[in-house]
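Chain IDs A, B, C and D follow the sequence of writing; residue 1 opens each chain.
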Amino acid sequence: MNKYIVEFIGTFFLVLTIGCTVLGSGGIPPLAIGSALMVMIFSGGHISGGHFNPAVTLGVWLRGRCHSKDVLPYMFSQFLGALAAAQLVRLFRKPPSTPLSIDLLPAFAAEFLFSFALVFVVLNVATAKGTAGNSFYGLAIGMTVMVGAFAVGDISGGVFNPAVALSICSLGLVAIKNLWLYLIADFLGGFVAAQTFKIVSKEDAA
Amino acid sequence: MNKYIVEFIGTFFLVLTIGCTVLGSGGIPPLAIGSALMVMIFSGGHISGGHFNPAVTLGVWLRGRCHSKDVLPYMFSQFLGALAAAQLVRLFRKPPSTPLSIDLLPAFAAEFLFSFALVFVVLNVATAKGTAGNSFYGLAIGMTVMVGAFAVGDISGGVFNPAVALSICSLGLVAIKNLWLYLIADFLGGFVAAQTFKIVSKEDAA
Amino acid sequence: MNKYIVEFIGTFFLVLTIGCTVLGSGGIPPLAIGSALMVMIFSGGHISGGHFNPAVTLGVWLRGRCHSKDVLPYMFSQFLGALAAAQLVRLFRKPPSTPLSIDLLPAFAAEFLFSFALVFVVLNVATAKGTAGNSFYGLAIGMTVMVGAFAVGDISGGVFNPAVALSICSLGLVAIKNLWLYLIADFLGGFVAAQTFKIVSKEDAA
Amino acid sequence: MNKYIVEFIGTFFLVLTIGCTVLGSGGIPPLAIGSALMVMIFSGGHISGGHFNPAVTLGVWLRGRCHSKDVLPYMFSQFLGALAAAQLVRLFRKPPSTPLSIDLLPAFAAEFLFSFALVFVVLNVATAKGTAGNSFYGLAIGMTVMVGAFAVGDISGGVFNPAVALSICSLGLVAIKNLWLYLIADFLGGFVAAQTFKIVSKEDAA
């Protein structure tokens, strides 16, 4: 149960930061968002693994570091935390009048590529023997999201996270009709990352 | 006594940075402020724990990692350091003519939420067995304040710290009539964070 | 083979980030680019060493920490990853109509100096006995590129990497007629850095 | 001798970055400068201690972690590296037509305060038993300079380093008639920081 609470809290603050910075003015949203993920991983990783992202949970499960019985409760906690935060954002910010306009192919590619990068980084810095005991896992994972948001934020929204996708649909940042794109591209990125990890880290995956 | 001196120094430089960057032009105040907290924690944490914030002291005390006899002297040192810095800021910057205008409900929620996040992060990265010996505690704690300042700085001032609240009231950045809001919301956030930590980290809190 | 795949992946995401941020609007390209290198080093360093740069491979080989049989496959993987990413960038961004205009002498000096700094940092944080077991190697290496890009990005493009040079020539960011400058200056910087490392770290190099 | 070469290299790249970013356009000079110091400390600290600043050398010597015979050669190497970099900056940037205009009292206070903070951080993160073996020393020290540059860069130039002061005088960024202020304030800050460290870290200083 503790793990699920931590997954809720981490995803909640991630989406709260996304909503408040993307809908606010000034600031550097990618830096704030990546750092929000970083601090939540550093504080919750030792309890739940610090996924805060269903695509990460998929990848960690495929790599054998998440119990099968935890997969659905993790994802449920993440979606719940994300939706709760999106509701609360309305207390602080005015939702946008129109959602982000996207081109399907570039947006799909952007989401797939950086979801792959994110889960590839997670598996290597948080589950590999070769990096065991490091103090950089939160920094590496959080800054991967920052990099993706800087690189393709204007192409796809820079989501890389199915729970975030649903929550920002509910806020009107992304059109609900495009939700499928995020669900498929982000989970696919996590799936391919897990397979790639198994290939390049054979001894770890054994 | 050494601990109290360190708490004074850390809070002093935190508030000096807040005053100089928020009242200056250019720069990225949330990055500077979060980093000021980070460097002071990295340099003073091994002596005093590196609280620099009465809400953190409350949370760490509730979690059992601060002697009861230290609580008031810690808070006194923090308030003193913060007020001394606020006085010195006047040597560098012109105080604002009008304080930040706030809406009570969103400001209270913003202060409560990120004070909760701050103390939750502190307890997990600086007092939990699962993260013992890490090299990221200052980074995680400092960047939590940066995230909060980016997310809700324009809503509440992004204070999350009763000593900072008093000092920026004295500088005119926040209206003195609103001081109660920061005191209640920030201590409450620290209190709830300590209870949450005890629930999700049962073995640690035992 | 795993090592070559990791070198491909890391260089691919480095160049993808370069192309998307430099040709995009908004954002802070040096921060994004340095961070992309950082996260790829943190996630791939334990498998391949995390070079992602032929000048780094040269320096690490000269220092005796890269097998001679790996040198060419590493460089080939890096060039391939960089060129693949440059092709993909066209899906997200419009290539520039004119390449960066450079003065040869300052551009050569800028590339030489920061390629030297980059490889000097790599050898000290990733191959020296005195820093063994540290958790900062990716941060130090990635931020060296960020520093160079902030300092001389407008002078030379801030490349410091022969594989990146070729790929951004293919994108039109740098004129193909100037490619030689990057190849010579960047490899020369790596060569001189390796010699300097051997002098200042005698016991390590023994 | 190796130590002196490393002190030369580190101070050289620090001043090269200062000159190129402060005299360039765009960018975030405090972030670039603090990060330049960080990466040089991470790469040279295990050889020379990574001072790159005569005020730091004074503080470390007073704390008993720098041989008396090294003090003058260290400072000489730092001044030499700084002056060499300032000369080279002219290849990349046009020196300013007028130096920074300062008010003596605030500028002196700003330099004293943040030189104190810098040396206090150095002694605690790089020489204290309570932080031995950490992986954050370069981050903490570099970001202290970033914080100071954000906070009081427009008041005093944000120098905190006698070698940097001389070199930017030679570049025309600071008036030569004000050089005394930096020499006195910065060394004084280092001196007071060393005394404070001895008080708050009695067991370390023993």
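The working rule: a contact is a pair of C-beta atoms (placed from the backbone, for glycine too) under 8 Å apart; a residue touches a chain by one contact, two chains touch by 3 or more.
Small disclaimer: the values here were computed from a predicted structure and weren't measured.
Farthest from chain D in terms of Cα centroid separation is A.
Counting the residue numbers that touch the partner chain, chain A and chain B have less than half of them in common. With centres defined as mean CA coordinates, chain D is found 39 Å away from chain A. Centroids of chain A and chain C (each the mean of its C-alpha atoms) stand 27 Å apart. For chain C, residues touching at least two other chains, in rising order: 28, 31, 135-136, 139.
Across the complex, chain A is touched by residues 28, 30-31, 105-106, 109-110, 113, 117, 120-121, 124-125, 128, 130-131, 134-136, 139-141, 143-144, 146-147, 150-155, 196, 199-202 of chain B. The touching residues of chain A, counted against chain B in their complex, run 2, 5-6, 9, 13, 16-17, 20-21, 24-29, 31-32, 35-36, 38-40, 42-47, 88, 91-92, 135-136, 138-139.
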